[in-house]
Amino acid sequence: MANLTFDSYGKTRVRLTQVLRQGDRHEVVELSAKILFRGKFETSYTKADNSVVLPTDTIKNTVYVVARKNPIQSIEQFCRDLASHFLGSVPHLESVHIEIQQSPWNRINNHGSAFVSGGIERRVATLIATREKEHLESGIHGLEILKTAKSAFSDYLVDEFTTIPPTRDRLFGTVMDADWSYRDGVADYNAAHADIRDVLLSTFADHVSESVQHTLFDMAKAALSAAPLIKEIHLVMPNKHRLLMDLSKFKLSNPNQIFVPTDEPSGYIEARVTAD
Amino acid sequence: MANLTFDSYGKTRVRLTQVLRQGDRHEVVELSAKILFRGKFETSYTKADNSVVLPTDTIKNTVYVVARKNPIQSIEQFCRDLASHFLGSVPHLESVHIEIQQSPWNRINNHGSAFVSGGIERRVATLIATREKEHLESGIHGLEILKTAKSAFSDYLVDEFTTIPPTRDRLFGTVMDADWSYRDGVADYNAAHADIRDVLLSTFADHVSESVQHTLFDMAKAALSAAPLIKEIHLVMPNKHRLLMDLSKFKLSNPNQIFVPTDEPSGYIEARVTAD
Amino acid sequence: MANLTFDSYGKTRVRLTQVLRQGDRHEVVELSAKILFRGKFETSYTKADNSVVLPTDTIKNTVYVVARKNPIQSIEQFCRDLASHFLGSVPHLESVHIEIQQSPWNRINNHGSAFVSGGIERRVATLIATREKEHLESGIHGLEILKTAKSAFSDYLVDEFTTIPPTRDRLFGTVMDADWSYRDGVADYNAAHADIRDVLLSTFADHVSESVQHTLFDMAKAALSAAPLIKEIHLVMPNKHRLLMDLSKFKLSNPNQIFVPTDEPSGYIEARVTAD
Amino acid sequence: MANLTFDSYGKTRVRLTQVLRQGDRHEVVELSAKILFRGKFETSYTKADNSVVLPTDTIKNTVYVVARKNPIQSIEQFCRDLASHFLGSVPHLESVHIEIQQSPWNRINNHGSAFVSGGIERRVATLIATREKEHLESGIHGLEILKTAKSAFSDYLVDEFTTIPPTRDRLFGTVMDADWSYRDGVADYNAAHADIRDVLLSTFADHVSESVQHTLFDMAKAALSAAPLIKEIHLVMPNKHRLLMDLSKFKLSNPNQIFVPTDEPSGYIEARVTAD
């Protein structure tokens, strides 16, 4: 016999651009949403019973309707508006899982209605909500950063297959993903997000690093200290290696000047840090 | 205070090509590996203590060494060889998480040493191993399939935002991810994998589908029936919509002949099904 | 003063799926089209005069209308149907540039209406047409192939920066783009395309290669010989290097068994070969 | 008979990071280079004669050597240094084609040695050089921009397949590629590049647009006026459509507030504009 032990369905990559206008001053929000349902949907799998299935096309339509009725002020609030709608309208829905990724747009010369992309970085909010409770996380994905000083890696464990030389001066590049959860009482998610991004960046910049692990932990610690409303933060920092080019075979020195950036293989470091 | 509550590190995207030769008959295995360590590594984060850190560069080197010492017969076995090595050589490593993705190469006209790519499909194995136990899954990721008959979607739940029309004849395309776990006693992982892939494909082809959910469940059920060694299977099948083009405004009929394929938004359906 | 010396506009990434049915036997064509116009469109640039601009949205609509009126038998014929329509309906259009990329779908077990993707390979047709003449090319893009025998690279030019060792036995992998033009009189573009693909593949497989250049030229020559209707062929074959892993530092030999596949940097070899 | 009528070879995706230091102030240049050779290389194709082939691995090595000997001040100068080297050292090389793409890194809070990525935008230089002459172009690729006001599209040519409604207020988004050539006498390529980028952005922001064509031409004109050292500029501006969502079926108005951003299909507009 075959038993259905888990199921989930919904819509992904629902894209939306919102323009709000105050005279000549326009605000742009551009995002992609993923919305998954869990609940009493088993018979659609096991008995071909579609009567329990709200079409994913309807889920998509609803994203636009909810945005029109409740203009998006932050993606965190938009997650909640969507969850509230779906939990209110689909009785057999037990939990809704929403992930929203917002693309950054920066003003061109402080122009009121013209913008240049902020790149591959995404502001992220994820919400898991039932009728009784919710778990909300905010984050930044794809933040590509590089430091060219104050980064070392030495005194590590050596085994028979270790060939990497220790160094007191290397390049340290990563594409960071950060996700955190707040305590209750955040008044302005946009401001809080900007503050945490600033702390992460400035800590990365100033840190005297003995390893990616070392810097990651101190970035997490700084975020928790600077933003007392955060209760937990999870950081993923792949090590996007830039290899010192060996020019000795061409009778040239290379005083940490010429490197080969690589995409693969890639180190991978992650941790979760909690305020107590 | 900041407490480290979770940490993990390792190497991703370690790529390897292995050629084994029996006279003019060559066998190619091409893969990408991800290897993550969990254990007593906290001090590298909290005290800049690298003495606990085996460099990720060493992890990478070891992949090649282990492959050389134990020629790869299946990626499942290779996961185990790698896990066994790392658990044996790093005392404070508690669990190792390995994911291997193999790229398919098909022979050109049954030639002994020339191959054409099997596309974006990947054969996958994931292993989580401690010194006491292991959890192994095998799978297929990125299997792009399409059926042009025997697919309907009607009699679904309708709310105020539902605009999609019911249909008894639509295109059904997906890019499937399947992962399953075996009972003990699999003698030949390569043969088992090929069998399960065949059952999934033929069930998809023949199924009289009322929904993606319906087909997904029957594919899972067929895999469990046909391969008694599987104890559980997890399927993810996004609905890669092909929209019927409305040609009525040009005074043309469209008897299910001309569609617009789309990448986004995309339906998303998943389930886990267990043999009992 | 600023003079407009070249201009072109149109629509790209117009995607279409066509299903033709003969009882239970369905034929699927899936493609993406790019259509560019050149002609007397200057005033739209220089005088904001849109009266000369057929909207790109209309160009997109027309792709579906033309496909409905003239079911697609080959992408070459579809290019011509589209060109004929646009040149017939837009008087100030002087030349139309059409590129169509078709995604391969293979039947699952010879099933009538279920298909599995043929991967990233694309069948391609490009047409440049005016009211007086046309230039048509057919091709294959993204054909990923690998040979593990009969490939050498030695006796090359050596300068002071040459460090690569000569080899009589290396892996040879590429992702080939081929484009060719036919003489008049091709009766069946689908059959001709399949024939040329076969010749290219079998020549690659059997060739005793001294370099990518050497194999590329002999593949082109074989295509011209085997398919007398081709008058010219252009091949691009990047060298997707698989580097022999140096295991000597671990006291292991590596008899051409373990390689590191790489995406970058990549060799690049191209040539055009003409029948006389 | 088969005649070789064109051939070219070289190396692509050669990646390099350069760090130059003045005390605590570091300058980072990160780039990817493509270098192709044309000349008397026919016998490598037709006679398996590798004696004319400088290995592409050597071309790659040389990129790093030339950078070490001549620190990179601008990618334009680096193109010339590379061309000069290769034309000087390979007698049968007739022309060398170099394309360099530089990734933008911005300082974190004006920090001396910490940087955040400038996104997918690339600064580009392309050089075609022989021993007698050169053609150099500079450019920007992948500049993603959006304006939410002063963009209309109306009064266009209408045919039987035109269904798009005219609008006096739409969103206008593009991912621009610009390439230009300078007159002789540019003293500082970095400053010139920054100036042209500024003019392109500010013209885009302020323009009262009747079409993409209209804005593209005025951007080109502005660049030629503001930077008298440019003699020609080529712009490609795909129209990345953001479609007004029709909410009327849900009894909601949509006063240009909620849009659906799309990647495909995409309008495509290009032109070359020359100063006289």
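Residue numbering begins at 1 within each chain, and the chains themselves are lettered A, B, C and D in the order written.
Keep in mind that, in the parts below, a residue touches a chain if its C-beta (ideal position, glycine included) is under 8 Å from a C-beta of that chain, and two chains touch if they have at least 3 such contacts.
Just so you know, these numbers come straight off a predicted model, no measurement behind them.
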Each chain counted as touching chain C and chain D at once: A, B
Contact-richer chain pair [A-C vs A-B]: A-B
Interchain centroid distance [CA atoms averaged], chain A/chain D, Å: 29
Between chain C and chain A, distance of the C-alpha-averaged centres to the nearest whole Å: 37
Computed distance of Cα centres, chain B from chain A, in Å: 24
Junction residues of chain D - those touching two or more other chains: 15, 61, 65, 161, 163, 250, 263-264
In the complex with chain C, residue positions of chain B that touch it: 15-21, 24, 26, 28, 30, 61, 64-65, 67-69, 71, 105, 108-109, 111-121, 143-150, 171, 201-202, 204-206, 242, 245, 247, 250, 252, 254, 256-262
Chain B-facing residues of chain D, complex: 160-161, 163, 249-250, 263-264
Chain C residues touching chain D - in the complex, by the definition given at the top: 1-15, 32, 34, 36, 41, 44-46, 48, 50-58, 60-62, 65, 89-90, 153-159, 161-164, 210-214, 216-217, 220-221, 224-225, 232, 234, 238-239, 263-276
